[in-house]
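Have a look at the structure below, then the notes.
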Amino acid sequence: MLLAFSTWPEIDERLKSSRTVIIPIGSNEQHGPMGLLGTDWLCPEIIAHAAEKSGDLLIAPTFNIGMAQHHLSFSGTISLRPSTFMAAISDWVNSLARHGFDRIYFLNGHGGNVATIEAAFSEIYSDYSYAAEPCPFILKLRNWWDLPGISRLCAKLYPTGHGTHATPSEIAVTFAAYPDRVKSHTMEPQVAPNGPIRDALDYRARFTDGRIGSDSSLATVEDGQKIIDAAVAGLIDDIAKFDAE
Amino acid sequence: MLLAFSTWPEIDERLKSSRTVIIPIGSNEQHGPMGLLGTDWLCPEIIAHAAEKSGDLLIAPTFNIGMAQHHLSFSGTISLRPSTFMAAISDWVNSLARHGFDRIYFLNGHGGNVATIEAAFSEIYSDYSYAAEPCPFILKLRNWWDLPGISRLCAKLYPTGHGTHATPSEIAVTFAAYPDRVKSHTMEPQVAPNGPIRDALDYRARFTDGRIGSDSSLATVEDGQKIIDAAVAGLIDDIAKFDAE
Amino acid sequence: MLLAFSTWPEIDERLKSSRTVIIPIGSNEQHGPMGLLGTDWLCPEIIAHAAEKSGDLLIAPTFNIGMAQHHLSFSGTISLRPSTFMAAISDWVNSLARHGFDRIYFLNGHGGNVATIEAAFSEIYSDYSYAAEPCPFILKLRNWWDLPGISRLCAKLYPTGHGTHATPSEIAVTFAAYPDRVKSHTMEPQVAPNGPIRDALDYRARFTDGRIGSDSSLATVEDGQKIIDAAVAGLIDDIAKFDAE
Amino acid sequence: MLLAFSTWPEIDERLKSSRTVIIPIGSNEQHGPMGLLGTDWLCPEIIAHAAEKSGDLLIAPTFNIGMAQHHLSFSGTISLRPSTFMAAISDWVNSLARHGFDRIYFLNGHGGNVATIEAAFSEIYSDYSYAAEPCPFILKLRNWWDLPGISRLCAKLYPTGHGTHATPSEIAVTFAAYPDRVKSHTMEPQVAPNGPIRDALDYRARFTDGRIGSDSSLATVEDGQKIIDAAVAGLIDDIAKFDAE
Amino acid sequence: MLLAFSTWPEIDERLKSSRTVIIPIGSNEQHGPMGLLGTDWLCPEIIAHAAEKSGDLLIAPTFNIGMAQHHLSFSGTISLRPSTFMAAISDWVNSLARHGFDRIYFLNGHGGNVATIEAAFSEIYSDYSYAAEPCPFILKLRNWWDLPGISRLCAKLYPTGHGTHATPSEIAVTFAAYPDRVKSHTMEPQVAPNGPIRDALDYRARFTDGRIGSDSSLATVEDGQKIIDAAVAGLIDDIAKFDAE
Amino acid sequence: MLLAFSTWPEIDERLKSSRTVIIPIGSNEQHGPMGLLGTDWLCPEIIAHAAEKSGDLLIAPTFNIGMAQHHLSFSGTISLRPSTFMAAISDWVNSLARHGFDRIYFLNGHGGNVATIEAAFSEIYSDYSYAAEPCPFILKLRNWWDLPGISRLCAKLYPTGHGTHATPSEIAVTFAAYPDRVKSHTMEPQVAPNGPIRDALDYRARFTDGRIGSDSSLATVEDGQKIIDAAVAGLIDDIAKFDAE
């Protein structure tokens, strides 16, 4: 069930049987010379929407802009400051909790979001903790690549060149979902360098085409579909456990 | 050209010929018993993506959550506080301006967003105004229903029952774009009441099924397509004028 | 009854019979070569204080600084950032609501304030809307030129050259109230240009003497008095309707 | 010269000879059973406007709402949170500094404002101090009762019963300026108690009619005029020293 | 009893007999050529920890960074903006109040902190004052040099050259507590100048070695111990009165 | 070299040879029935101060309060909201960077701080990234238990019962440094349970004595000294690499 394509009475009805909602969350940022700028929000959206077809899930609209300050030297990147990102997450959560959702699950597609999302959770919980009041909902963050089965699959598909940004796995997922958007590019060097992440100019100087440790050219539609399939199974499984908590 | 489906080098290339970007912006909120919760962000997205096919436009990802506090008594509504919304708009603008975009056009789908978006523009301009520095970009807000030709068309299509929330025109646009999501519902009363907009409980008491002044059941796929076609033409025209300024 | 010239026991007494309070709100900003910097807060103050003499009204102190970032290239302009303005409006409202006022009416004198005041109202209502609590007060914004009868009168008095900033009507109101402050200046051009409002340097370049679309030299003490008289009647009438809601 | 009653070209002209501006700042809060709610903003306004008649001074509009949280249990009090108050002071200063004012003098009428105004000054200076940039303006806070000659005069006029809130001196100043607003009330007890200032309910319990340590009934129009005269002389003198710094 | 060296069950036990907690609060900032950067947080910590040995006191960890923007032109100074400082004080208070402490006493070591701490108190109280709720705790600020007996002792020890920053008394306190950290320096001039405090560059230009009005070289270990002894007695006395309130 | 025990000229001198500064950062929060409330800020302080004796390091004052909202149901815990914590970190960094420090190293003692510190780094970098300016400093976060050699040593010392909160290793470090503060307590159960971390009431219900997965009673002074020795070596080594970057 896609929340945005439902009516409010349908959500009311849904709440009678389940109080769990999944928010695909990512970032719109450079993904090297052949990865789509939307990769990090497209991946969790693709996986969540695919899972919705086979599982009994409720998917919120996609939170498509995240914390990507380090990518701002590359055109097309849109970033929220951590403080803004936290305020927005808080407003999403308080809106959904208002309706009675008590299990709010963020399916994340951007590693750079993790710290800020967790800080946002702590900020939200703080209101209850200072007031000595029980928090009426549970927040959970899951990166899609941490869903059960994914890391093993990626290690098998990409024994070398997976890296950590503009990875072949994430690009493959977008290619599988949008085969008319497949792009190719000669990687130079084949595998990008590694290094620390700091501000945007430093990033651009270290990672000249935007990739970190990856060979994006390994991405194929076929592998992308395998990853999606595994992630769908993993997500349905993970939500079942979350519901059962 | 869809920004999220482009690579950063493609955006770099684009910036050589055009520094204009369009952001579809809306809200995810109740739209009465047969309107989709996503209506207000779907409409500008539908129009912008359709226009992108025929015009030389660059479309940013959709800003899908807006200021909808008054709808929070209806399940599925997600709202940002005005202060959060303003901070997020500021971060979007500063990100895009960082890349050299100097004409940033918000195609809006939610009347309730207007005041806050304008306040956000003033907040952004303030930095330059206090500092006596020239602002390197122009911000523009356009509601899709204010695009040239739309209001006349809607008046013709819906001589009565258009109203101001959950209107047949906006619902028709979503139906035309997503015919498999068409819903129907017996309106009771046929035309919803009018009244002031205040907090969420007050809203729910006044507008019991969520509509304001509208008869949503007038929406059809066919009329929706007519509105989309008119809006596409209007948008391409409006952007041409904006570029020429 | 002027709140600032009353004692707290008198306000306590007043609250037994009426819970409505009127806040004149405006801006201190350039008004062209012959308009007073205080025009936009003087007008609602003049009208409200005049109405207080004939009607049973409670007038709060004047909120004299508003959102005027676009006027900052002209000396004497004082502006609040929208975020500051919103915080201040919220504190005023929460203070007055604390005492039991449940109808808080802002009589506004500056078009540039409208978006931010409405965003402030939404921010204030949000607290109640997220919490699913009834808001104990009603907020209302009324521009003095939108009071019943004013626009027709101005159209009659100024068939051309009214414009939208440093208008003859607002300047006339201040002249009528402060005849010893009447100023004159040769308008050059007679009627100022029109155009969009952006940041302060852009504004100064477009509107070289500060006016927009107006011929301020049409202002006279006599016409100002007519406008004040009409506005007083309109305000008393508008408050009566507000009370009756 | 009153800024609000001037035009922007007049302020431009003024800036050629003087870059000093005086802001009367106070609070709108209960002042016991016979003191006006506006006392604390009226006093600095009265003194500054009187001084303007004999001295070559530029007076900004009055900042009429300050930090009065402790008075909120008494009807009519309007308070800004310290954080809001600081943001507003910062915006005033940045607006005035934008025009070239480099000596910004706050003539204060409310003891409860002092800490927050000084914190605001530090917040404003911080921007320059972190950036290692010279601050282009000087901020100064002066309570009107600390102007040269005032404390001695008050000690002479009110050997007992002056106290610290709803004092006969401040009430006398308002009575002298607005003799038609003179009020009287039997003080019970004659001299109000003293004690610490905390939150609003605590304040109301300690100081049942709002006064602290004072006998407001000592206020007379005549003494008020003496105080005004002394304050006018003191202000003109103080500004001369400030200009000469 | 030192809170940081206790366990939570010990604090639980403590709360059965006393609900008072003392927070040493200061600043880390330049103290002239021979004063330690930590002087202002070391002094209240030294006094509070010494008092804890003879009195039945509970001492929280030291709040060691305060508002020192004016000292930022001297290396080693660390400052919080007033707004940050206020937020942090609020969080400390809300944490301690959560456990049931109802008397929270700040023993301050930095004059530059006073305004901001008081503004923070007002911000904290505001929540209760707007809501018309009783505040469950009392906040108190005491500068260690204002403890009973200290000012007389310092006047006796330093008839000249005490001054207001990098004073011999505060330096002596640190020397007495940390005799291995004693430093010496030839003062030039012997007694530093006085003047107003503004931004950091202005401060550096006025007070070239950082001192204000003081001759730091008067500080000795012996006098420091006398001051500590007096302050310990004064603190125990002051807390007894605070408890009894 | 301890910054707080130095003078500003000494820091000036230091900056000629090294622009690196280490900030011990932790939290003041419950650590089970026998761990000190200060454990998480004491550990990095103990290690940093010990390392300072053998290495050429500059140690800032300890940042002793962190993000501990989940521990607020246990007396003595003091927590900063993530937003406050981020603002304070930003002010520390901007103060130190003002003096020329270009390598700012946070030695952290609290796992719950990690996300917020990283979010703070991103917030700080954002200013430079949006502005396309090079950031003049490098920020680094290192948990003391992640220093080279520590995890292996702890695994050897505590093959079972190490856990993740109130661990025997951190408690041992405090016992070694403060042997007069050694406490003991019968653990019940011997090894505490594991589980997710959410708000404070949820935490208290899950982890009844505060520990997570640990047997604090394994802590000894001797083992604590071994850990300190290893951490000192690890820290000196880590800083050398950081300096060399």
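A, B, C, D, E and F are the chain letters, set down in written order, and residue numbers restart from 1 in every chain.
Rule of thumb we're sticking to: contacts are C-beta pairs under 8 Å (C-beta built on N, C-alpha and C of every residue); 3 or more make two chains touch, one makes a residue touch a chain.
In this text the structure is predicted, and so the values were computed from the model without any measurement.
Undergrad: What chains touch subunit C and also subunit E?
TA: Output, common partners of subunit C and subunit E: A, D.
Undergrad: Given a C-alpha superposition of subunit A onto subunit E, how large is the rotation in degrees, taken in steps of 5?
TA: In short, 120 degrees.
Undergrad: For subunit D, which other chain has the most distant CA centre?
TA: A
Undergrad: Report the inter-centroid distance (CA atoms only) between subunit B and subunit D in whole Å.
TA: 47
Undergrad: List the centre-to-centre spacing of subunit C and subunit F in whole Å, with centres computed as mean CA coordinates.
TA: Chain centres of subunit C and subunit F, defined by C-alpha means, are spaced 54 Å apart.
Undergrad: Give, as an integer number of Å, the spacing between the C-alpha centres of subunit F and subunit A.
TA: 30
Undergrad: Would you pick out the residues of subunit B that each touch at least 2 other chains?
TA: In subunit B, 72, 79, 81, 83, 95, 98, 129-130, 132 touch at least two other chains.
Undergrad: Report the complete set of touching chain pairs.
TA: A-B, A-C, A-E, A-F, B-C, B-D, B-F, C-D, C-E, D-E, D-F, E-F
Undergrad: Enumerate the contact residues on subunit F facing subunit D in the complex.
TA: Where subunit F meets subunit D, its residues are 94-95, 98.
Undergrad: Mind listing the subunit D positions that touch subunit C in their complex?
TA: Per the touch definition, subunit D meets subunit C at residues 3-9, 11-12, 15, 28, 30-38, 41-42, 60-65, 72, 74-81, 83-84, 87-88, 90-92, 95-96, 98-100, 178, 181, 183, 185, 210.
Undergrad: Going by the contact rule set out above, which residues of subunit C touch subunit B in the complex?
TA: Touching subunit B from subunit C are residues 67, 69-70, 72-73, 79, 81-83, 86, 112, 114-116, 118-120, 122-123, 125-126, 128-130, 132-135, 138-139, 198-202.
Undergrad: Going by the contact rule at the top, pick out the subunit A residues touching subunit E in the complex.
TA: That would be residues 129-130, 132 of subunit A.
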